[in-house]
Amino acid sequence: MMNDLRMAVLDANLELVRRGLVHDTWGNASGIDRERGLIAIKPSGIAYEVMKPGDMTIVALDSGEAVEGDYRPSSDTPTHLALYRAFKTIGGVVHTHSLYATAWSQANRDLPALGTTHADQFHGAVPCTRKLRPSEIREDYEQNTGRVIVERFRKLDPMQIPAVLAASHGPFAWGATPAEAVVNADVLEHVARLASETLRIAPRAPSMQKALLDKHFFRKHGPSARYGQNRVKNERSPR
Amino acid sequence: MMNDLRMAVLDANLELVRRGLVHDTWGNASGIDRERGLIAIKPSGIAYEVMKPGDMTIVALDSGEAVEGDYRPSSDTPTHLALYRAFKTIGGVVHTHSLYATAWSQANRDLPALGTTHADQFHGAVPCTRKLRPSEIREDYEQNTGRVIVERFRKLDPMQIPAVLAASHGPFAWGATPAEAVVNADVLEHVARLASETLRIAPRAPSMQKALLDKHFFRKHGPSARYGQNRVKNERSPR
Amino acid sequence: MMNDLRMAVLDANLELVRRGLVHDTWGNASGIDRERGLIAIKPSGIAYEVMKPGDMTIVALDSGEAVEGDYRPSSDTPTHLALYRAFKTIGGVVHTHSLYATAWSQANRDLPALGTTHADQFHGAVPCTRKLRPSEIREDYEQNTGRVIVERFRKLDPMQIPAVLAASHGPFAWGATPAEAVVNADVLEHVARLASETLRIAPRAPSMQKALLDKHFFRKHGPSARYGQNRVKNERSPR
Amino acid sequence: MMNDLRMAVLDANLELVRRGLVHDTWGNASGIDRERGLIAIKPSGIAYEVMKPGDMTIVALDSGEAVEGDYRPSSDTPTHLALYRAFKTIGGVVHTHSLYATAWSQANRDLPALGTTHADQFHGAVPCTRKLRPSEIREDYEQNTGRVIVERFRKLDPMQIPAVLAASHGPFAWGATPAEAVVNADVLEHVARLASETLRIAPRAPSMQKALLDKHFFRKHGPSARYGQNRVKNERSPR
């Protein structure tokens, strides 16, 4: 049971490596089976080269308990669970320490929407969370990391802005599937670098116009999307 | 019919990938058969790995209608058409979101000519367009993208400056052939990075001297060019 | 005798190259056999492609004399020896001129702890030594390089901060084994780059909170570590 | 005749590509046979993939005339000749548009000696030439490029600082052989990047101490060098 999800989650973890988003083993991906209320997630501390679908750990969405698998789940599991509980439509979550997105996290800055590359994937700035309070760090740290993300999205639509910067830490991204979460993490890294390079040329470069943001986001996402060959949203974003 | 052009256009699209100018599928190349009044352009949302010459879409220059091919053309097709209509001597157009050229586009700055690397390919600054007005974004967005490029070149020679930065968006480049357009997009990316690195060392570095700009541009381009082995302009710029 | 150590040291030297930490031949790694009081270190000026375990030079910890091997030891040997003598629990030392860590060394700045990527490996800023005095450069230069490192660690625990920036020079890193020293040199390079990118976005970004630094460092290191599958500290840091 | 030199020059040209110092065909290397008064240099506009030793052009040092070979020599030949005439002990010259060294050239700044990586190869700042006057650009441009380099070295030893930055243009490097010139061009690019990264961290970082500059340069170069296995200066710098 859950074999398709295990394979999708394994593939998402390996794709993070292939896309250069993970240095050493610093990343993890998960996926959810909403009907069964179970997630599959990368085990803690297993080398990518030898990881098999059966090594993915199965964790219950409600209790947070590991229910299947030989290995302990990633230590970031409570953060993944918090996101699945709050964002009902997401099917996959990834966490990386990719270079530029992490730099923006360490700078504790929202990543501004400066151009159409950003707008094709994110409908506005990618927000940075507040810093955790010392008490939130000492107890239930990983859950609280999820909690401040959810708090930050109180007025935001997680399907229109499928990523966040955890302050002093690094990015989390999500999507309808684990594979889509990987694409969002990848585009996030790319637009984070692009924003850094833009601000070095023009430190006061303003955010892009709202009309242009809407045009690019909605021609690829939502009911009036008109990209690709059959109005089905592809995982590989067509242009 | 048009098989040679289809193959040249496919090859230009693949060369964009090989040269690292395209992240994911964010780029497109086209070519024109001026006699027939037809262009061949990359289809929207087809993976590079499986793209065949026959997948290129054929579009009529005058009507903008797709006249041959199984797939819808790139959504940027109206911009390509606008350039072919206004710049009568060009034979190929490419659009990318290459990192540094896009950063300059997002900074809404002309890319200054700071040295001979730039002058060997571009006879002056590579201009940035004005921003589109909200009404120009909402209606006929892609055509208007082409329109502001043409507007920006009113006093410029598109064969002497074969590229432009679309504000808040990214670069377009062109040339006598699709292959030459790719080379121009590649050199543009390189000199954009070079300019960024120069201005970090010396933020007020002035543009290069006019005499040096002329010397380098005209020893490679135009009637008195004296590069390579037989005074024929090669696509791979000899030095 | 010492064959295992020679092989571990050779492997550490080659791993520096594989991880891209060494340009040309600018790096060296060593390991120690504490029982015998002998270190194995890369010979000076031998190409990586042809280096064999038997080419490693064996040097006595107390006298600093080469006692085995066909080649003269790395010219940085006296610095390695000074570190082994002062830091009793380390088993491997590496020196590189990796780009970003060297830039921080040339800037004569401590590398601040700006986020969890740093905190997972280093329990605080990675310190920069003072500059050597002219007399310390002219006589016993390499020993004095070791001496100012040891001086800089008077109030620091070398197992909690397993690396240093030698002013105007470059990084040294160490660990329980040569392989662990390589990992620390690699993470140092990564967090040095990350800090540079962070400060370009937010030049006054403050160091991370003490509670977060402690949380991340101690969940991976020390008696209460709870990472990986069996609470054994892996060389490849699990997340 | 001159076959060994042709092969050494071809190899130097290909090594520029292998080391990533050349974008497209923007670079050239030459070597000299002092006894015969002849240089071998890359032909203009021949693709690297098909270049053979016999394609190198032979040019007379005194007259500057091509005396052998099927192809026209690189357009930068007069600059190479000016360097061979003025610097009597050099045996090879290379010119590149490598990214960081070119950025310093475009910034019209001397590249300061900020640390031991620099000092291991260059005994002080790598100087930038003055800009050419318009009249010097219009007539005999390539010769004048050589002339201002020689002018800049009036008080400098070209064997202690085997490279220069041509203002608004890019780097030239030289050495006892074509292969050594390539190494110097490679190290120049590396220390140019390192200096850029250093100054971004500490914009007022001062040059390194004279004592440290001397120590590092002279332990690798000159009569008291004590690197490598037999006090012979290797082309691959041992550490």
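Letters A, B, C and D mark the chains in the order given here, with residues in each chain numbered from 1 onward.
Here, contacts are C-beta pairs under 8 Å (C-beta built on N, C-alpha and C of every residue); 3 or more make two chains touch, one makes a residue touch a chain.
Everything numeric here is computed off the predicted structure, so don't read it as measured data.
The fewest steps needed to get from chain B to chain C, moving only between touching chains, is 2.
Minimum number of contact steps separating chain B from chain D: 1.
Distance between Cα centroids is largest for the pairing of chain D with A.
Note on chain placement: the centre of chain A and the centre of chain D lie 47 Å apart, centres being C-alpha means. Chain A and chain C have Cα centroids separated by 33 Å. In chain B, 200 are the positions where the chain touches two or more neighbouring chains simultaneously. By the definition given earlier, chain contacts exist for A-B, A-C, B-D, C-D. Chain contact summary for the complex, chain A toward chain B: residues 114-117, 120, 183, 186-187, 190, 193-195, 197-198, 200-202, 205, 208-212, 215, 219, 226-229, 234, 236-239. Listed in rising order, the residues of chain B touching chain A in the complex are 23-28, 43-47, 71-72, 74-76, 97, 99-100, 102-109, 131-132, 134, 137-138, 141, 168-170, 196, 199-200.
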